[in-house]
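Sharing a structure with you now.
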Amino acid sequence: MTDLYKRLDKDNAAVLLVDHQTGLISGLVRDYGVDEFKNNVLALARTAKFFDLPVILTTSFENGPNGPLMQELTDMFPDAPVISRPGQINAWDNEDFVAAVEATGKKQLIIAGVVTDVCVAFPTLSAINAGYDVFVAVDGSGTVSKQVADAALTRMAHGGAELMNWFSIAAELQRDWRNDVEGFGALLAGQLPGYQNVIGSYTGAQKDATK
Amino acid sequence: MTDLYKRLDKDNAAVLLVDHQTGLISGLVRDYGVDEFKNNVLALARTAKFFDLPVILTTSFENGPNGPLMQELTDMFPDAPVISRPGQINAWDNEDFVAAVEATGKKQLIIAGVVTDVCVAFPTLSAINAGYDVFVAVDGSGTVSKQVADAALTRMAHGGAELMNWFSIAAELQRDWRNDVEGFGALLAGQLPGYQNVIGSYTGAQKDATK
Amino acid sequence: MTDLYKRLDKDNAAVLLVDHQTGLISGLVRDYGVDEFKNNVLALARTAKFFDLPVILTTSFENGPNGPLMQELTDMFPDAPVISRPGQINAWDNEDFVAAVEATGKKQLIIAGVVTDVCVAFPTLSAINAGYDVFVAVDGSGTVSKQVADAALTRMAHGGAELMNWFSIAAELQRDWRNDVEGFGALLAGQLPGYQNVIGSYTGAQKDATK
Amino acid sequence: MTDLYKRLDKDNAAVLLVDHQTGLISGLVRDYGVDEFKNNVLALARTAKFFDLPVILTTSFENGPNGPLMQELTDMFPDAPVISRPGQINAWDNEDFVAAVEATGKKQLIIAGVVTDVCVAFPTLSAINAGYDVFVAVDGSGTVSKQVADAALTRMAHGGAELMNWFSIAAELQRDWRNDVEGFGALLAGQLPGYQNVIGSYTGAQKDATK
Amino acid sequence: MTDLYKRLDKDNAAVLLVDHQTGLISGLVRDYGVDEFKNNVLALARTAKFFDLPVILTTSFENGPNGPLMQELTDMFPDAPVISRPGQINAWDNEDFVAAVEATGKKQLIIAGVVTDVCVAFPTLSAINAGYDVFVAVDGSGTVSKQVADAALTRMAHGGAELMNWFSIAAELQRDWRNDVEGFGALLAGQLPGYQNVIGSYTGAQKDATK
Amino acid sequence: MTDLYKRLDKDNAAVLLVDHQTGLISGLVRDYGVDEFKNNVLALARTAKFFDLPVILTTSFENGPNGPLMQELTDMFPDAPVISRPGQINAWDNEDFVAAVEATGKKQLIIAGVVTDVCVAFPTLSAINAGYDVFVAVDGSGTVSKQVADAALTRMAHGGAELMNWFSIAAELQRDWRNDVEGFGALLAGQLPGYQNVIGSYTGAQKDATK
Amino acid sequence: MTDLYKRLDKDNAAVLLVDHQTGLISGLVRDYGVDEFKNNVLALARTAKFFDLPVILTTSFENGPNGPLMQELTDMFPDAPVISRPGQINAWDNEDFVAAVEATGKKQLIIAGVVTDVCVAFPTLSAINAGYDVFVAVDGSGTVSKQVADAALTRMAHGGAELMNWFSIAAELQRDWRNDVEGFGALLAGQLPGYQNVIGSYTGAQKDATK
Amino acid sequence: MTDLYKRLDKDNAAVLLVDHQTGLISGLVRDYGVDEFKNNVLALARTAKFFDLPVILTTSFENGPNGPLMQELTDMFPDAPVISRPGQINAWDNEDFVAAVEATGKKQLIIAGVVTDVCVAFPTLSAINAGYDVFVAVDGSGTVSKQVADAALTRMAHGGAELMNWFSIAAELQRDWRNDVEGFGALLAGQLPGYQNVIGSYTGAQKDATK
């Protein structure tokens, strides 16, 4: 029986953040609210940090209107390779990018980017073709409309990509809360205000009970 | 010819309710209205009860912010196994849970849970991999956004799961109204206010006609 | 200085439930989800019960397609006057209805009904004209579309009605939790699943803390 | 005490249908679904017919891209005045139109048209200024977006117009079902598919009961 | 090369209308507007009539709250078999229904019904299993929510059904306008108010030009 | 009788375009689609041009992240005063701006800007206070969410502003098509693609008829 | 001429944050996204901090399911009065709260809270009645549905409140960027991710130009 | 390993624009805003122009209500074949159309049209069947509702089509910005107002920096 369940493994996964540049985000992303999208991208980045996954950053024309990477990303990963692509739209067409991916030695690629239909879809399909398992972080990826996002996600799903989101990615990498209860809880609380509130209520209730 | 239609059979089905905990629901579920979601979960539970299907409850960290199960569920199934997972996020990673599933002797699993992309998607894909037919109750499962839900449902559909909902599950298990017209009608009326109104009008009209 | 704040007073308020009939609800109400609307109407009714406010029920052509009242309402208020209007669309055009209102001796009227633009708007404007203060329970009132509801609510607000909802009505009648903490908490928990979850989590956390 | 409730009176009301032309509807109306809008306009027209109210039709440049009136309207009111305005955008700027209104002898004007912010708002404000009571049929009026409609309706409400819809207009003109139960029921059934279904169910239930 | 394009053929197609009953529609259908849904169902029925396709009607418990068929359907197809299922929920479980399908001699089945996830999905999957090509008329089928509809349509698409709608079904059956330009134009105009407006404008413009 | 209808007069109106700067639009406007918003702003500007109204442009910190004005605006109005405010957020706090308004000699001000709740609302309320009649072009004004826009528009309406939109402004200024049929038609066609299509169809139909 | 424009003045304004408690937010707020709402509340709080306005915090039953205040608020205002109301639902019914307001000596009150229809609407109307000018921060206030929020905001607007939002409040308090360009820019950038991106692009472009 | 990634190649691609006629667009397209749809269609056309791809235009009954092609398209491609189909609904049923496609010598077909479920879906499935790779430009294709569009796109995706959009098509054809940075940038700026703003800000910032 074939194993139908492609399961993320923290020892075999790398994260590719493609073109989360200030100009592209402000000019083009309209399928997520601005607060929601920023939180999603940072949540994915912090997930990568928490699990100490290799991260590769790449930009398209950063010295132009597309703008620099979100500063939080460069601050968070000072040692990550940043592939400034001189022109290639599909990051996979850039040899340095592919080399950086290969250098990680990982076979599972978590990809997010701006915009979904280009900067995510193209390298996703290329990487699948090259033999990688690709997990798209759909909520860390944005584009011009819900309709365009839906079409791109359908295309990737039919092309063999696994559609996930930062929280399910974090959960699959974690596998078991006991691997680090406090750390994982802090990760979630920091990025999910709803969960943060639940923790606040829990702590409050505990305090009340033991007064 | 392959049988493409995986059809639910009340003698071969079990229901797995994964992490319907108060903290997770209030903190995370935003793709359904609160009234609608509560009604959907109870409708699925009452469907299981009505058909006397084996039910397995499981929780993740119930002695923490995730909170206890919805009390209606524990009240409704006092004898069901409740697997309190000490840490595993994917319920299928918990041996007791899998053993409980196996102990039912059923090969069709109806799964619902919170959140869809983690607590439903992971055991769904694991169970398919283990040879089970899985029927996801999409409207008894909730998560942080419609976009995340859509991605998770697409992932499961491509992985071989059947996407259903509590009403179609109930209808497929019932097969024929004559198996218990009154009981089945009461089940529907109790959980579908729209249907309850139609019954009210029907009864009223009958009374009028025979006055 | 004029008192701009028309404040509900449980000793001076009556509740008018206009035409919550099964046929009208299933055939016409489309601006609220079916689960949400049923819960809202019952919540308003239970609020009236909790504060022991006089309730007046009225129907339009109940022995016809409009259907009987929601059974929960007649069960909940067995002793309330039920004015079966023989034809008047505006309940205020029915002398028995107005007499029933006057018999309560109250000057604050809480009105909800189906449909908002007719069965609520007409008696609301009539009652204001007759010198009453009217508080519309907007979420216990439904109609054919959001656009029609918005127009009707605007009309009523410009005509002098106070736009409220069952929860703010309950809160204003209660004034102070200490008047009956447990009763009021139970009222809220029973009708607000989100609040019920929060209470469940709180109770769970307290138990954990004192184990 | 001022009478705050402007109440429609079938002996004192006229209906003004402004620019329901094929080109304007197909090219500009986007705040209602096409099926819904057609049904709303015809419902308002049939309401006028049912109550035998004077109806005035008017068009703007019908021999041009704006197109002819919806044919159902000209078929339904073969004897109504049709004021083909040679250029005036605000119908009230056309003397023949105002004369036709005056000729009805009515002081309550029900206005609908395309587009809401121009063809409805301008004559509505003019007519109020001229001393008429104006009742806008919001759901028989359409325009380019919900946002533009909302702004125009707010403007008219602040200018003294009553915001209504075809159904509340019909109900207020009817006052009492007994004035013509069958006729009024047929009017509603013909234009409200939801109500038609409820009648169908009622009739079916009656038949069942008396078999 | 396999023929991937399952193409409707008017000489090989039959239409199955499943449970378009008044009670089910008013009580349960919430994923389409009421006007839109009625027009869609009638449009599909008129398409069947126009192409003289065999039509099979079936009902579930019509002598009960589910109510009778929409009267327009029984009026339109006085000679069509109407299979009143005594209890089977999946129409394909009823031998008379399957016999009626077989009696048509057609191998392409166009299916619509209420509700999508039960009355459409079950016979669709059964018929595919039995060797038929199934074309689901998604807009002539309704259910309790968009989310439930989406799940059911995904299930059917993955099970091999072709997702279509009444207009694409009509267009594919027609193949060429010249087969009956006037008849086909009238069919579209009667059911697509937007198209009707375009025709009205065209006719008006022609008249203007030749005056 | 007071004149309730504040009517735009092309000989007494000026247009104030406040802070339509590239950075503010891309960073903040989320209550309109990007295509729709650009078209609305240009439509308002072309309306001003068409009627030869005095236009005043103003910017806030254009030599900073807020960015320069949309280039189409500066190209279209090369001779208009451009008030580069050195710091004042409310344009009315800038003496040069008020002087420029006064220099027009007009008493009716049409205002649009980015963002609605600040750059439009503040000068609108100030100008009303200073005795001007203010007409807000709601669809040429954008902000961070629909909820914020609604609150700001409500505030302005209650403060005495007339809520309009570019099309109703153009129509009111034009008063009568005959003042310039071709020019006005071209203005509409250029900014309303729906109307452009209707004109295209009309012209086509005329050609067909006279072939 | 009356001054219609109630203008916020940083020397005369105080901020009242009512019941931003973890349980109430997670259990009840559904009219804003969770990320958006948290950012809005913090933005309002930071605005108060930036302008050094007196802030009053108040809670309802914090030692119960309603939970403690959002911890960010108590951390940010360690010296602010925190009025723990023993039972009063309307904060204005609590003498300590009113005394704290009076102690600020300010006559302009900026109010936000959870839920809008109760915890905001009641003290807003009470404070207006007591002679204060009230400015509601609509986007820092949340409740169970958009419909309930709309009704409550309409009620408050008709009762004399000014509907604003954190950004327009900050802008009105600031009046002129030059009062503290860097500080104000940092406030906006920190709470408006869209604006943060625009600043990022601007800085990047400047760097490019001067390399 | 099969190449799963069907990648557009500018030397092997042709563009088929099917029935973008004025009557069809104004009468039927309701799943995109009018401004958005026009911009999308022109963007796709300009992309074809920019890459000098062979373009084939086709119409259905252009001398009738369906109307002429959008004039911008005929103006932009004066030398493109325009196949006026005398009756065939599926363009692929027209021999001249297929011949025109074959004459291009290209094996990758980019298809857009009105309406999606007919004029796009039919030739898409036919062309796949005939051995072509088909790339659907989903945002340059419109139809009567989002639900109908979704069904048609699902059908095409399951039938083997690649779901793309004008921007991802342009990006894939371009491959590398360096092939023509200025030309490609101008293409994007002209059709993506959000991107145009970002460029405006960039240019402004550069100017500021070098002053």
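A, B, C, D, E, F, G and H are the chain letters, set down in written order, and residue numbers restart from 1 in every chain.
Definition applied: contacts are C-beta pairs under 8 Å (C-beta built on N, C-alpha and C of every residue); 3 or more make two chains touch, one makes a residue touch a chain.
Keep in mind that what you see is a predicted model, and the values were worked out from it rather than measured.
Using the contact threshold fixed earlier, the set of chains in contact with both chain F and chain H is A, D, E, G.
Summarising the inter-chain layout, the chain whose CA centre lies farthest from the centre of chain C is H.
In this entry, chain A maps onto chain E through a rotation of 180 degrees when their C-alpha atoms are superposed, rounded to the nearest 5. Chain centre most remote from that of chain G: E (centre = mean of CA atoms).
Distance from the chain B centre to the chain D centre is 47 Å, each centre being the mean of its Cα atoms.
Chain A and chain D, compared by their mean Cα positions, are separated by 53 Å. Separating the CA-averaged centres of chain B and chain E is a span of 30 Å. Residues of chain H found to touch two or more other chains are 23, 26-27, 30, 33-34, 36, 64-65, 67, 144, 150, 154, 192, 194, 197-198, 201-202, 205, 208.
Taken pair by pair, the chains that touch are A-B, A-C, A-F, A-G, A-H, B-C, B-D, B-E, B-G, C-D, C-E, C-G, D-E, D-F, D-H, E-F, E-H, F-G, F-H, G-H.
Listing the residues of chain G that touch chain C in their complex gives 23-24, 26-28, 30, 60-61, 64-67, 86-90, 93, 115, 117-118, 121-122, 125-126, 128-129, 131, 144-145, 147-148, 150-152, 154-155, 158-160. Chain H contributes residues 22-23, 25-26, 33-39, 62-65, 67-68, 70-71, 192-194, 196-198, 200-201, 203-205, 208 to its touches with chain F in the complex. Taken in their complex, chain B has these residues touching chain D: 198, 201-202, 205-206, 208-210.
Contact residues of chain D toward chain C in the complex are 1, 3-5, 7, 31-32, 36, 138-139, 149-150, 153-154, 157, 162-165, 167-168, 171-172, 174-179, 181, 185, 192, 194-195, 197-199, 201-202. The residues of chain F lying in touch with chain A in their complex are 26-27, 30, 33-34, 144.
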